[in-house]
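In the two assemblies presented below, chain A is common to both, partnered first by chain B and then by chain C.
Up next is the complex of A and B:
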């Protein structure tokens, strides 16, 4: 049997391809329904070509070789004989499952950058606004500013506007940056109809779009909008303000690398210094019988995740990988690189901060406290700063702030963040909190 | 069959739709603040919306630190702001 962790595009593609070769597959996922964060589906689906999810979701429900465990939060993993055991929580009860082979498709979550007012109720991630809408049928607000960078702002903004919100998009980068990646565009012609789909939706829904700008403050129901350079430093501060009861702000994505980290899979830095897993041609990790696919091996969106998932599934089933699939992955990865080039997240955002701006939301650590830990207490890296300030030591285990804390410390010491610091900051001993009571009750079979 | 589900938030009765998370049902009712922070006593709501950030933690039927964005409402569930 093969266990696939995560029921997003990569996980579903992995399950489908492994089952197509006759393997028994168990897909384990934290949500009540399959589809992951990207293919959240109620009866209606929004966004471009969401219906392509139907094939995969039908397979998940109907293929007798595939078992789907829902509402299960995998909190730890360990080696067991020549296979692996995953420990998970389901409805408050601890359970376990084991298999010889594991495919990790743990996906990603929104990367966020702090700004004065970002802890106010009403500021959320684009993924959060999308999950409220698609997962729960709730439009987050009446007047919504969707800000940050990257193509994900488009489906979020258009879905919110379609459902009656007044929406404005504030994109930090210029669309002209795409001119840096002609080959990626040429090899991915399927992206053009997608672009036209969103462009026409934006016109039809009268969504105002600004480029080269960022939300650098939020107070009393109004966002402050500044002109920013491509490295996100401020070109012109507070050029205008706009009303908003909700600000959906996101700066690309960070992969969830916790589980693979617990299993000892080698991590590396992507070109933009995001921590990802190193995998070989067949999506194999450096640990025996573990495959990793999708965002956890480099942010690239659903198209790349589907191809990587298919490759991982076939490889785990012991099948040959066709050259056509490898070529397809190459073109999608080229597009993923173009995304990094078009929507870079430089360190200039530190100029937006005030002394009292909270950086670590869990432990309420301010920008000033982090800077003081460097200037007055002598911290030279984020780890030491964390010990002084508790930044990154709260319930989320630094998932939201650790990269930003590293950048602020580096901005203060004027030293670059080391590769080891980036890798170490993503290490978490457990993948989700578990109470000692549940732990003490032992594991149900 | 009605899809409406009633639950309590800090003692007040709210109604949501079956399948909705606690956070979604409360936001749909205009109740955005889910808790106050420990030190600054600042109001917090949903942030990541997908169980990563733990900003929306509440106490559910006496069990603390539960993520309101992940857990679905159920009939007569008692939700309280964590401190």
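Up next is the complex of A and C:
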């Protein structure tokens, strides 16, 4: 049997391809339904082409070789004989499942950058706004500013506008940056209809779009908008303000690498210094019988995740990988790289901060406290700063802030963040909170 | 850079205490660390300043003095490191005779150890499991935030003329005619007639660079950290098994749980011990045992969520006593290491011993039990 962790595009593709070779597959996922963050709730389709999810979700429900465990939060994993055991929580009860082979498709979560006012109510991630809409049918606000960078702002903004919100998009980067990646565009002609789809939606829904700008403050229902450079430093501060009862702000995605880290899979840094897993040609991790696919091996969107998932599934089933599939992955990866080049997130956002701006919201640690931990106490990296200030020690365990803390420490010491610091920040021994009672009850013997 | 009177290698709590003590004695001190402040075992500790877990003997004498020195350091440096005499409560699960016997002897050596019966015990810790019917209350047991402490001690050293060079890995200890005269590091050469080795689990490596030896090995200790919870725990509470464990050299995992609340509301559960190499791997079974023991002490913790777990490596010597004093073979090379899980508590006392010995002045106790020479003699 093969266990696939995660039921997003990569996980579903992996399950489908492994089952197509006769393997029994168990897909384990934290949500009540398959589809992951990207294909939440197939019944309501907003994003372009997202109806292709139906294929995979049908497979998940109907293929007798595929078992789907829902609402399962994998909190830890361990080696067991020549395979692996996953420990998960389901309805408050701990359960265990083991298999010789594991495919990890743990996906990604929104990357957040702090600005004065970002912790007030009304500020959320685009992913949060979208899940409110798709999951609960709730439009987050009447007047919504969707800001940040990257193509994910488009489906969110158009979905919100379709449902009656007045929407404005504030995109930090210039669309001209796509000119840097002609080959990626040439090899992915399928992306043009998608672009036209969104462009016409934006026109039809009268969504105002600004480029080279960012929301650098939010107060009393008004956003402050500044002109920014491509590294996000301020070109011209507070050029205008705009009313907004909701600000959906997101700066791309960060892969969830916790579970693979627990299993000892080697991590590396992507070009933009996000922590990802190193995998070989067949999506194999450096640890025996573990495959990793999708965002956890580099942010690339659903198209790339589907191909990587298919490759991982076939490889885990012991099948040969066709050259066509490898070529397809190559072109999608080229596009993923173009995305990184077109929507970079530089460290210039630190200029937006005020002394009292909260950086770690779980522990309420301010920008000033982090700077003082460097200047007064001698912290030289995020780990030491965390020990002094508690930044990153709260409920989210630094998933939201650790990268930002590293950048602020580096901005203060004027030294680049080291590779080891980036890698160490993603090292978490527990993948999800577990109550002490349940944990202790699981004791062997 | 002015040539210092003494070099302290290690910017953890042991090194920082030494540096401050030497500075206050009038020496110009240079602190060297291969990382930054508190980047080793200090950064993975709970901040225990305990007298309750020590049996009568030299270590208890050191612990008692050291505990008072912590409060003197706070007066000297400032109230920056959350020092608090929160007190310890040790409870016996089954047979309490060993615990009561220990408390009796500790009292004879100046420890404030108060035997408490059922009513008083549950008055001290209202959420404790009702099956516990007796225990010992140690008001002297204290707590600090060790990383902040090390940072503020070093800051004080610098303000008094000392220096701190971080990210400098020692590559060579310079010795001529059995006398140390400096160190070579990745950031250059530093000369001084006195070098203090306060590198914890790595102390053996530094000793070997000087052509000497020190049998310090790492022992892994886990700590669990929960989400912030209401105040359920008012002291450092532990099972009396802990005392037995600390003195054990059985390589198998033993756990006995120390549970305490912190100012931020999180609950720390620690004190599993096992002797392993520098292996950073996690062991879920250890987490389970710690959780089971903590919830058997405090059933109310069953519904509290575990957020994270971390481990550090506690340096220890074969006889479980710290190594404090001049090297047996190399003059001018001083060691303050091997404090095992008690380094935070014993740091200022060890620093005072080293300072007194370096200056050739009388100290508060006979430190021969901690002498590095004891291993050389054992070998012969």
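One rule holds for everything that comes next: the second predicted complex is superposed on the first by the 441 of 445 C-alpha atoms of A that agree within 3 Å, B and C clash if a C-alpha of one lies under 4 Å from a C-alpha of the other, contacts with A are read in each partner's own complex, and residues count from 1 in each chain.
Just so it is clear, a residue touches a chain if its C-beta (ideal position, glycine included) is under 8 Å from a C-beta of that chain, and two chains touch if they have at least 3 such contacts.
If you're wondering where the values come from, they're calculated on a predicted model, not measured in any experiment.
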Fit or clash - chain C, chain B, common chain A: fit
First, second, both or neither for A:384, with chain B first and chain C second: second
First (chain B), second (chain C), both or neither touched by A:220: neither
Which superposed partner A:127 touches (first chain B, second chain C, both, neither): first
Chain B versus chain C as contact partner of A:433, first or second or both or neither: both
Angle, in degrees and to the nearest 10, that opens at chain A between the C-alpha centres of chain B and chain C: 80
Touching partner for A:78 - first (chain B), second (chain C), both, neither: second
Contacts of A:87 with chain B and chain C, given as first, second, both or neither: second
First, second, both or neither for A:32, with chain B first and chain C second: first
Touching partner for A:395 - first (chain B), second (chain C), both, neither: both
After fitting on chain A: smallest Cα gap, chain B-chain C, Å: 7
Residues of chain A at both interfaces, chain B in one complex, chain C in the other: 394-395, 433
Residues on chain B engaged by chain A in the complex (per definition of touch): 17, 19-21, 23-25, 27-28, 32-34, 37-40, 42-55, 57, 63, 65, 69-70, 72
Sites on chain C touched by chain A in the complex: 35-39, 43, 147-148, 151-152, 154-155, 164, 166-167, 224-227, 264, 266, 269, 281-282, 284-285, 287-289, 291-296, 301-310
Contact footprint of chain B on chain A as seen in their complex: 30, 32, 37, 73, 92, 109-110, 119-125, 127-132, 135-138, 140, 256, 358, 361-362, 364, 394-396, 399-400, 433
Of chain A, residues touching chain C in the complex: 76, 78, 87, 262, 264, 363, 376-381, 383-384, 387-388, 390, 393-395, 397, 428-430, 433-437, 439-444
